[in-house]
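Presented sequentially are two complexes of chain A, the first with chain B as partner and the second with chain C.
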Partner chain A sequence: MVKYILQRMLYMIMVFFIITLMCFVLVRMLPLPVLPPDDPHTAVVLMRREALGYNEPYLAQFGLFLKNIFTNWDWGLSEKLYFGQNVWDIFVGKLPASMIVNLYSIIGSIPIGIGLGIFAALKKNTWIDYAISTLTMVVISVPSFVYAFLIQYIFCFKLQWFPFLMAGGTNYFTWKMFRSLIPPVMALSFGTIAGFARTTRAELTEVLTSEFMLLARTKGLTRTQATVSHALRNCFVVIVPAIFGEFIGILGGSLIIEGIFAIPGVGGLTLNAIKGLDYNIFMLSTCFYTAIGLAASLVVDVSYGFIDPRIRMGSKK
Partner chain B sequence: MKRKKFLALLLAVSMALSLAACGDDSGDASANSGGSSDGSSQSTQDTQEKQDTQDSQTPVAENATYTFNTSASTLPAGWNPHTYQTADDAVYFDYTTDSLYALFFNDQIHPLEGREAFDGYVVVPSMAADFPVDVTEKVKASHPQFNIPESATSGYAWSVKLRDDLKWDDGTPITAQDFVDSLERCLRPELLNYRSSDYNRGTYAVVNAENYALAGNPVFQSFADAGTTYADFIANGGTDDQVAVDMNGFWGVTGPDSRFNWGYITDDNMVRDPAVAEGEDEDYVSAKYLWDNYLGPDGAYAGSGYDSQYAGTISYPYEAGYSFDNVGLFVSGDNELTFVYANALEGFYLMTYGMSTQYLVKSDLYDANLKETESASGSVWSSTYGTGMDTSVSYGPYKMSEFQADKLMHFVRNENWWGWDSDVYTYVDPEDGNTYQMYQTTDVDIQYVKESATRKQMFLAGQLISYGLQSEDFDQYRTSDYYYATPAETIYFLLFNGHEKVIQERENAADFDKNTTDLEMQMLENFRRACAVAIDRENFAATVSPSRQGGYAFVGNTYIYDPETCAYYRDTPQAKQALVDFYSIDLANYDNDLDKAVDAITGYDPETAKAKFQEAYEEGIEKGYITDTDGDGKSDQTITMVYAMSDEVDDFFRKTFEYLNTSLNKAAEGTGLEGKILITPSAPVGNKWSDNLRNGVMDTQMAGWSGATLDPFGMADTWTDANKAYWGNWFDASKYDLTINLDGADITMSVRDWALCLNGAMKTAQDGKEYNFGYGQTSVDNRLNILAEIEKFMLTAYNCVPIMQNGSGSLLSQQVYYVVEEYNPMMKRGGIQYMKYNYNDAEWAEYVASQGGTLQY
Partner chain C sequence: MTDMMNERIPAEKFAFVQENEKLHDGELQTKARSFFADAMIRFGKNKSSVIAAWILLFLVLYAIFVPVFSQYTANDKDPMYVNYPPFSPFFSQFGFLNGARNMDSQNDRAMSIWKGIGIETGMDPIIRIRGTHETEEKKRGQMIKRYTYDLEVNAYYAMGIVYRNFSYADYQKLQDWQNETGIQVIYPYVDTEDIGGISDNPNIWFKMNSDGTALLDAEGNYIPAYSTRSDRAGAPYNSLRLAGDPGDWVYSTAKSGSVQCRILYYNYYIYLNGHEPSYLMGTNVMGLDLFTAIGLGARFSLIFAILVSAINLSIGAVYGSIQGYYGGAIDMTLDRICDILSGVPFVVVTTLFQLHLAQKVGVVVSFLFAFVLTGWIGMAALTRKQFYRFKGQEFVLAARTLGASDGRLMFKHIFPNAIGTIITSCALVIPGVISSETSMTYLGIVDLSTYAGTTIGTLLSQGNGAATTAPHAMLYPSIFLGLLMICFNLFGNGLRDAFNPTTRGTDD
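And now, the complex of A and B:
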């Protein structure tokens, strides 16, 4: 297993550099905005582009990019969106807001989603199962921003239970902040709850009809004992990696939900960086998400082995 | 099992640790009340009337706060006055900066002769202790390095005494030297500050500022500007390796050295044209390519004028290492500044534009935030000045008290601002005649709110001061007592294509079906005139964009021809007469009252439209543009105009196309063009839409010009300049003569020459005399006469049809009111400076709660 993990990490690093290089070159190949010839500011912008090395060969630019990172942990300065500011500070400053909203969402979604899935599976082919399954399908089909607007209208405007926007400041563990986060968390959670409910129901339904469950019951286990000790453990082989995947999503933020509830997170940062041709921000966020994605795939793969002893990674036998 | 539990525990701990690391205790944001939390949702049915004026004009109550709660869909990321680029960034300056001279509404304290109170504005010394003093003669003698013209006796050098109580928000004094140091940093060559050109170029440039900012840089000078041609240049000993092409101006690309817009014609290094898809023709071009194929002696544009305009030579007029001591701003006495300009200035323009000192920065803080970074090509300087609380400083009425990027900005009163302890910032209320201090607002809170739906709900919940109406809101709120319409300067024109050669090329293309489609009819004046009167402009605006209104002229309602007195061009008899003449209004029907006649203009006459469409049909048949093979009296072809789209068709354009096509075809009912007119969108072409219109590749757009609110005369130059006007490739204003009677004498010259004369050029009329009708060269009445005549001429040329005046609509909260409700392009409605409160924050919260948390407008 250790050898397997080391091998995967080596591959990870190689893939990381290939993706980074590709992104760097591709983004630098994007056409720069045409500057108005009559605008006196044009000359200054052109001179700054030259000073920033836009006219050097791509590999030379990439080399300088890597050198600054490895020698000074310098990811460069924002050239457009946050002109002159350190992009690492910008990115790290925005990460917590995205993480906190998504963390609350997942913490709430996992028990509710899995609980609903179990309940539906246990009540298979009853009106309860039909209701949960139908609701799940509806919720999955509707984009989260639709809930966001509905939640904002009903709970913030009509009922006035919550503020319209996330509270300001960076003290994320206050009641005021928590209360202001409930609407975006609700908007983000509906889809996640539905996803977990559907996965759990499908897996549990299949497991509950397995022969070993019949054997467990004939051995004298109660239905609850058989379900909890045997059925649930089996269906977690699928559910736990999904939970890991959701946790990785914590870091990604949500462009639309963040916009609607004024969450100063990373959701729109990458997109805005591409639109604004802010290369350094784009490269940092690309590298970050590439690293997270690769690490996540490794964690998920390894987790299979822990959850189900029958799965052995890297074994030659 | 143990291993799994351990893994789970490890995961949980690592998550908790990472979260803990992310949070800090750097303070909390201001409250953003969600309203009452009692769950009540009933809304009052009682319409709230504006509060009684006497009750509402309560001075600032002890300890009461008056918060200006507003929202923005984009918050500034930085507000360094030397580097900011957008209006979004500039919002910080609205609250935290001051100026040498400020604009106030005219009232009893600041009267304006011949005008009602609050009908105009006056310039008032703010950071300056008094009005500027002309010291041209003195400076000319004492500072020869400024090269003030020998003949000049005034207007070039002005001294200003500063107030002695100016302070930064930390209480340290602001001195005259701070202004000089700030301008030096703004212009410093190695910093490459975006805003440096605001002070070193153009009409209001400080003398020699350009030499300092661009020290050592090369400059492209076209042959046209040098008064020569390529042939003459070569004949006089010039060589090809000295000739360059303005690649950005001519082709929209940078030069091979991307710092510069130009490239030598011997340089065959290719640069990418971002407007052309990779792999298509001319996706890469070089200076040599442009010269060989277009601008050179064998090029397509040889002798067209473009060759002289976009080809020229490179010179190095800016001396390397130029000293700032030669730049025209210096400390001339005890707390006294002297400004020296490249051009003579005076009055309004001098004090508002020439003496703009937005470059003022706190030097020690500025220097501490400068950073030199190594790049691929050397080093580049950046600054973090004005990017957060600890890198910002105020010298205006408010100072920043909280900032969170992309989230919020909060400002409180800057107690170190001199204006709080002075009677300068006072006004006399037009309603009660009492004198009040300006800036009743104690706090300004700006929240990032992306969605208009959220803004609307927050406004109705009393959490925002104003709400900009969306199209769908107008039906409900247009008649509200709290509704404010705000005109904008742009008039949108429906353009017509007149590029006959290109139109015929398009019709002759292999994939064009001439049996069913026609592009030529739009060149006929009858067709254009029919279109002009077939559209009910007010109804059109109300349908497609309710915040706007019908447009009838080339110059919009907001243009001021005399900024000293805030006099509007459209209010002049000349401008009114031009419209009355163009729309053939019989003054006799309106008691010879120009105002009544102008008010009666609708520009909508379906009967005339029908007649003109029929005449156009008959003319089109005669000219062979269209056919009627089955003899049913109807065109076989659909008259098609391709609308140049910069982006995808959205709701606005869907409505626009539907309205225009319906209107035009309805007016054409019963004519040979019935059901045969089609305006259809092109594929999105990005910012190439205007080029496509100018080149005749596409036919129409609702386009217009904005800016220069204080210079309607300059617009005449735009309309008649082939390089600027959309119709420049087929309408040559220099070929049309125009006779105007000035001071009893008829003067005839080309329309283009009239426009140039109006803007300061000396031109020879047909009487052989030379004329210059620029600013200060003739009476204002004469200038208005000329502008009105040119406007009337351009309307009758039918290159386009004015159709819509830009504007917006908004609701104002019941918490506040404007002292003056009439919109003024310079003063708006007084802004936060003149805003008054019906309720302080505590009272407002109570009031909103008493209304069930939702207000009625």
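And now, the complex of A and C:
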């Protein structure tokens, strides 16, 4: 098992470096931002570029880029949006806002999603099941900015329960902040709830019809006992890795929701970097999102191995 | 028992049932049903998918025909009717699509102006009074009751008169058009001196009390304050005159080389466009007709998504076939390439392609490349799985024994078995592409408006700015997009279940 995890990790790191290299070269190939000719900073920036090897071959530049990261954890300076500031500091400053919104969303939506899924599966082919399945289908199909608009319009404008945008400041645990976070959390949660409800329902209906469930009932377990200790355990083989994957994903934030609700998070920063052509921030965001994506898939794969004894056996071969 | 087992029956006791007749199978009484027909029957039993298919057909027809037959194009951006509510001159007679917009807390002065617009132009903007509020306030030692009103007004009529400057030639053209059609556009000029120096509200044409309400004559009518100063007249006027004009009202004033006049914007719109304003879904912040713009955006999205799916399908099918057929080291190597490509976040791919290629090959093509770069991976995985399923079967072995080449085995023998799964999954790929495309245009990472006119994502992001004052500009594109996505997914699921009865119910 340890060997398997190590193998997977090594492989992921390799993939990560290849992706980073590709993106790095593509970004460095872009024309550099034109610097103001009579600004005193221009000379400094030009010298910095010289030091970063902008005039050398791309591979040498990549080497320097990696060297700076590994020796000083230096991801470069922002050249457009936050002129002259350290990219990593800006980025880290934006992380808590993204994380808090996603954390609330996941804490709320995973139990609701799984609950709805179990409920639908137990009431299979009744109107409750149809209602839950239809809603799930609708929510999964419709893009998130559509509900973001509906939530903003209904709850923030018509009913005026919540403010339109996230409250300012960095004090994340006040009541005012919590209240202003409810709309974005709702907008983020719908998709997660629907996803978990769908997976749980599909898994559980399959497990409930299998023969060991019949055996469990025949040996005298009540329906609840059989469902909780036999059916649910089996369907968690699929659900638990998905939960781990979601938790890794909380770091990433959401490009769309962060834009709509003015959350000062990494998603918004990435979007601004793309629009403002701030290459160093963009490069850091790219590495960050790639790493999160790969880490999530690694965690999902590995946790399958931990949870499902069949896979654990298989890996020993 | 044993007796019966061992009982011997003599041969002469046996007789042939039919000795001289031919024995053959009866003709099949039912018609043979092909796999496709069977799938269609299964599809037909799935009511929600059938309904989704009909709605989808309607939406596709909308996308195809509305931009063709609409009187508006993507370039018709009215500068005045911006974020205006839905309106149709025909349906407004029946009380809906009447351009209704709520105006709250209107005082007596504002009410005079609203009524004045109705009296002057004959287009009464007030649809109904939703509520009246009474407040008392102390004025010169007395308690005076004041009223404010919550109105529902027709936004198109409520615009009323606007000031416009014309060159002498254009002014004459407008007069000629008035004579020809009998529609009054130019209204008599009001000199600001006559209405207490108000120069920013062209809808005041009547004499006013000191508090700004209309001064009424003995019969309760408004008293016109139209200018009669012919010395300030801008250009000779020889066209329609307003009813009640004694003949000396002036219709324009001179403004440094041009003439300024008061025009009724609703009729001026007819002069410019040849028809009345008719915005079935209202206009957005650009002054675009949403009814047409949604059709344009959807048409682009659909064509784009079908194109992307077709390309991804072809690449994925070939790639997956090679992977699945050869297996082993080739499969491993190709799988690693897939892993690397699928690890790059889509936003990053789109951005890099836009930055590198948009200048060279255009925005749409570089956007297409971004989709193609990673989009085929799912399709390849699907094909690969099907190949693993079929490549070991006897018919493949038989064909190989007969000397079929690899290519022939792959595409003549194995691939046709996988085609059903691949085609049906295509119906689920299309909504995915539309969704990503809409997100990217919504976020403004890709701007397609110069090529496609507009897209639904662009419309949504334009609508988002005025989501509270003009919710219709956000609502209609949202409804359209939502319906399109839901119907595509339901239709796709139904199709997949119909062609693949074994996977039924696992994913819905």
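Just so it is clear, the second predicted complex is superposed on the first by the 283 of 317 C-alpha atoms of A that agree within 3 Å, B and C clash if a C-alpha of one lies under 4 Å from a C-alpha of the other, contacts with A are read in each partner's own complex, and residues count from 1 in each chain.
Convention: a residue touches a chain if its C-beta (ideal position, glycine included) is under 8 Å from a C-beta of that chain, and two chains touch if they have at least 3 such contacts.
Keep in mind that what you see is a predicted model, and the values were worked out from it rather than measured.
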Next item on the list: Figure out whether A:Q160 sits in contact with chain B (first) or chain C (second), or with both, or with neither.
Entry: first
Note to self: Touch test for A:G93: chain B only (first), chain C only (second), both, or neither?
What the structure shows: first
Notebook entry, point to check: So, does A:G305 touch the first partner chain B, the second partner chain C, both, or neither?
Noted result: neither
Next item on the list: Tell me which partner A:G276 touches in the superposition: chain B (first), chain C (second), both or neither.
Entry: neither
Next item on the list: For A:Q85, decide between first (touching chain B), second (touching chain C), both and neither.
Entry: first
Margin query: Which partner chains sit in contact with A:G115 here, chain B, chain C, both or neither? Use first/second/both/neither.
Written below: neither
Notebook entry, point to check: Of the partners chain B and chain C, which touch A:G259 in the superposed model: first, second, both, neither?
Noted result: both
Next item on the list: Considering only the touch criterion stated at the top, classify A:P241 as touching first (chain B), second (chain C), both, or neither.
Entry: neither
Next item on the list: Count the residues of chain A touched by chain B and by chain C, then name the partner with the higher count.
Entry: B
Notebook entry, point to check: Taking the superposition as given, does A:S141 touch the first partner, chain B, the second, chain C, both, or neither?
Noted result: second
Next item on the list: For chain A, give the residues common to its interface with chain B and its interface with chain C.
Entry: 149, 152-153, 157, 259-260
Checklist line | Residues of chain C touching chain A in the complex | finding: 48, 336, 339-340, 343-345, 347-348, 351-352, 355-356, 431, 435, 438-439, 442-445, 460, 463-464, 467-468, 471, 474, 478, 481-482, 485-486, 488-490, 505-508
Notebook entry, point to check: Contact residues on chain B for chain A in the complex?
Noted result: 3-4, 7, 15, 18-19, 22-41, 77-78, 80, 83, 85, 192-194, 196-197, 201-202, 214, 217, 246, 248-249, 252-254, 257-261, 272, 274-275, 371, 373-380, 382-384, 387, 402, 404-408, 447-451, 453-454, 457-458, 460-461, 463, 687, 853-854
Check: Where on chain A does chain C make contact in their complex?
Finding: 15-16, 18-19, 22-23, 26-27, 29-30, 133-134, 137-138, 140-143, 145-146, 149-150, 152-153, 157, 198, 202, 205-206, 255-256, 259-260, 270-271, 274-275, 277, 282, 285-286, 289-290, 293-294
Margin query: Residue numbers of chain A touching chain B in their complex, please.
Written below: 31-35, 37, 40-56, 60-61, 64, 68, 76-78, 81-86, 90, 93-96, 99-100, 103, 149, 152-153, 156-174, 176-177, 180, 247, 259-260, 262, 264, 303, 306-307
